[in-house]
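Each of the next two complexes has chain A plus one other chain: chain B in the first, chain C in the second.
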Partner chain A sequence: MHELFQKIIALPWDQAPQWLFLIPAFVMLMGAAAAVMLRNLIHCALCLTLSFIALGVLFMALGAEFVGFVQLLVYVGAVAMLILFAILLTPAGEVAASNNPLRNFKFSRAFAAAGGATVALLVLVSLLGAIFFSPHARAVVPPAQAAIAPVKAIGENLLNHTLLPLQATAILLTAALIGAALLAKEEKKS
Partner chain B sequence: MNFIDLLKRIPEICKTPETLPLEGKKLILDFVTWLGSLVGIAVPPWVLTLVNILVVIVAIIAVFLIMFALMSVWERKILARAQNRYGPNRVGPWGLFQPVADGIKMLTKEDIVPRNADKVVHFIAPIVMLVPALILPVLLPYGRGMVAIDLSVGILFFFAVGAGSEVAIFLAGWSSRNKYSILGAMRAIAQMISYELPLVMSAVIVALVAGTLSPTGIVEAQGGYQFGFFPNWFVFTPWGFVACVLFYFSALAESNRSPFDLPEGESELVAGHLTEYSGFKYALFFMAEYVGMFAINGLLVTLFLGGYQAPLPFLTFIPSWCWFFIKLAFLAFSLVWVRATMPRFRIDQMMQFAWKFMLPMSFAALFSAAAWHYAGRGLLGWGISAVLVAIPYFALGYFCFTRHHSADNRRYLFSE
Partner chain C sequence: MMLQVILAISAVLFCFGLLATLTRSNAIMVLIGIELMLGAGNLNFIAFWKFSTHPELLTGIMFAIFSIALAAAEAAVGLAIVIQVHRRLRSVNVNRATQLKG
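Coming up: the complex of A and B.
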């Protein structure tokens, strides 16, 4: 008993943090799979949220704290709520099963599956291409430096090199906000 | 090392209250090493790291849950005083054991789940609510060198993790299959999203002036005294005062406390997203709300009230961690005071207040802080930044919140 205990103690436990990333990775994949497969739309959105959270945790595990927290803040705080609200506010059953024109088409399911698979394949190929053929992927950076980009550096980069895209995004978002407010303000006259 | 040595260290540690918590932690680690030597094992460093983490987690959770228990009885006492009655005084001395009685009551209550409810989500919601609330306190600096995780992006961490409670409220409201629940959840989320903007903006202002997102760095930036007695806290600058007040109100709204407790407005929505919860799940929501409230007020103390710094130089003999909790207790008292004083907002008033007053004011405070920063932080900076926050304040008050009465432009409100 005592020897067994000593053997367990002697295992390379200090290496364990290196493998801990497997937990959020697993949760993320399961969440994404469930988001695709579940029937209830709200459940799908919640699983997607779980996947977002796990992705944020993965970023943090890599030492990219800033990106991880922004991921949580934006995706869990805003995007997930947006999706949930969009599902709630869309009247369910507007496209009734009988009115669906694709329903009468014989191989609709097969075509849908083929289209989805094509899109997925294209995305996968382009991602793999980006990973393997981009100059950044080849660059050898010591992991400690690569991971911890100080917030100051990010901010300076954002306001010096990418100021114009930032401003353009800001204008676009403002326009979208005003448009949304206009759309929402229009009341149906009864 | 033997046990007697460890025991002898206890009175020594108690002699310097400033470092008491840190030394106590070291003592526990040495105790673990001693336990290992008792069994005949040299304790490997990873075990000590693990114990270190566990000690901190247990300490934080215990302190915040004890504070929650004390707060629940303290709040009722203060409310009772405000309403000229005694409040709970039956259980224990001055009713201090009331939380124990409440806890037993909550635990033994029947846990009812509506028949049509989404049972899994209904079960998960209180957990999703409580976990972020318990994670939040780890980033607050409680005293000199006393911070659980010294994150360089601590402020961002706070808002990122805090976003989880919105999801939890949605889960609770949606899974109950009750129209009052979902309406209450919608209101709560609308309120939290609206008030998150001024909340984050006022934190951004402090980060701008302090030049860091780390809570410890922000507290350190507020150290020292002007003229030898006047603390350098951010609340004592014009922009800081405005940002602090904005943060305080946003924090009230974020933690769904009166006068922003519309999501649970009993007279309109039964109990909002909590309608279908009973027993211990309800207690978990309650607990999450209070712990979240302590955490967000702890952040207010960190950002504006100088964190663990003493207010006057000769008061530094009181240990720094005491100052943090004294300030927190003061804020908690003020929250109850506000609750006893203010009636509940109407929903349109609340939204108007957020978007027409809080948000423009937070931008004004941002400009003012930038002016203060670049004008050299002296008297000139004071003057410019005071003018820069005063003009928007009076302009907003005049154009948005003063009703200019005349015979034909009188607008009838819904309630009339």
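Coming up: the complex of A and C.
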């Protein structure tokens, strides 16, 4: 096993073709599509986890190793687990038919799905048009730089240029954790 | 051309998130869609960093890191709200949370 890893590391990764990043991108898009389309919530969360893992691998393939590992730690390790726990804690209760505001419209669900799909498709078409056919799309893009995001430089940047945002993020995370604990706490019946 | 391909992938991912947010009535699926859209934004930051004229300034990397931290806070608070809504209404269907409706 160890020798296999060493052989993989010793491969000439510098000369790898550029289109290799399409593989994690494809896995990511398939995972996202499955997460959106599937009916079973647990399957949705697991496909979302797959999509997050592929997104982290894509970050690493694009040269942002640190962001890729942060993505794996935060999204796969924390957010996906939170979503799974929330799904398990909220079993699908019976929706009383009399309380359902959409009960009068026989095809309301189909209409809502078609409307949402139309809006998403329009946004997609306009985004792709802007990406490929706008005047800025013909601007000269500087060539892809070699992967240069050393962790040391990121740490120095965090503690020099972005020190204030870092502290603000710390306060925000503390507030979010306290707020989440307060919100999810069981209320005492008085 | 590679930058545009990455941006197109990111646009498709964003639209999957938008689709989940708009069409699913389960509050957890709405949150999943928001997470997908935030991931697409992060991918854009990384792509523009990779093809910028001064990648050594690490601007895109910094934006992506802070964005991930904000997404984590958003997910924690959002799921706590979902659990509280389920406790009140016995349901996580967003169509039933109508108490604040004017």
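A few points about this structure:
The rule we apply is simple: the second predicted complex is superposed on the first by the 114 of 190 C-alpha atoms of A that agree within 3 Å, B and C clash if a C-alpha of one lies under 4 Å from a C-alpha of the other, contacts with A are read in each partner's own complex, and residues count from 1 in each chain.
By definition in this document, contacts are C-beta pairs under 8 Å (C-beta built on N, C-alpha and C of every residue); 3 or more make two chains touch, one makes a residue touch a chain.
All of these numbers come straight from a predicted model, not from anything done at the bench.
Residue contacts after overlaying the shared chain place A:Met81 against chain B, while chain C stays out of touching range.
Residue contacts after overlaying the shared chain place A:Ala110 against neither chain B nor chain C. When the two complexes are overlaid on their common chain A, residue A:Val36 makes contact with chain C while staying clear of chain B. Applying the stated contact rule after C-alpha superposition, one finds that A:Leu159 touches neither chain B nor chain C.
In the superposition on chain A, A:Ala184 makes contact with chain C only, while chain B stays out of contact range. In the superposition on chain A, contact of A:Ile23 is made with neither chain B nor chain C. When both complexes are overlaid on chain A, the residue A:Ala176 reaches chain C alone and has no touch with chain B.
Once the two complexes are overlaid on the shared chain, A:Phe66 sits against chain B and chain C alike. Put chain B and chain C next to each other and count what each touches on chain A; the higher total goes to C.
By the touch criterion defined above, A:Phe52 lies against chain C but remains apart from chain B after alignment on the C-alpha atoms of chain A. Across the two superposed structures, the residue set of chain A contacted by chain B and also by chain C is 66, 70, 78, 85.
Contact residues of chain C toward chain A in the complex are 2-9, 11-20, 22-26, 28-29, 31-33, 35-36, 39, 42-43, 46-47, 49-53, 55-56, 58, 60-62, 64-66, 68-77, 79-84, 86-87, 90-93, 95-96, 98.
Across the complex, chain A meets chain B through its residues 5-6, 9, 13-14, 16, 42-43, 46, 49, 56, 65-66, 69-70, 72-73, 76-78, 80-81, 84-85, 88, 150-151.
The residues of chain A lying in touch with chain C in their complex are 18, 21-22, 25, 28-29, 32-33, 35-36, 41, 44-45, 48, 51-52, 55, 58-59, 62-64, 66-67, 70-71, 74-75, 78-79, 82-83, 85-87, 89-90, 92-95, 99-102, 112-113, 115-117, 119-121, 123-124, 127-128, 131-132, 137, 141-145, 148-149, 153-154, 157-158, 161-162, 165, 169, 172-173, 176-177, 179-181, 183-184, 186. Contacts from chain B toward chain A in the complex involve residues 41, 44-47, 121, 151-153, 156-157, 159-164, 166-167, 170-171, 174, 182, 189, 193, 196, 213.
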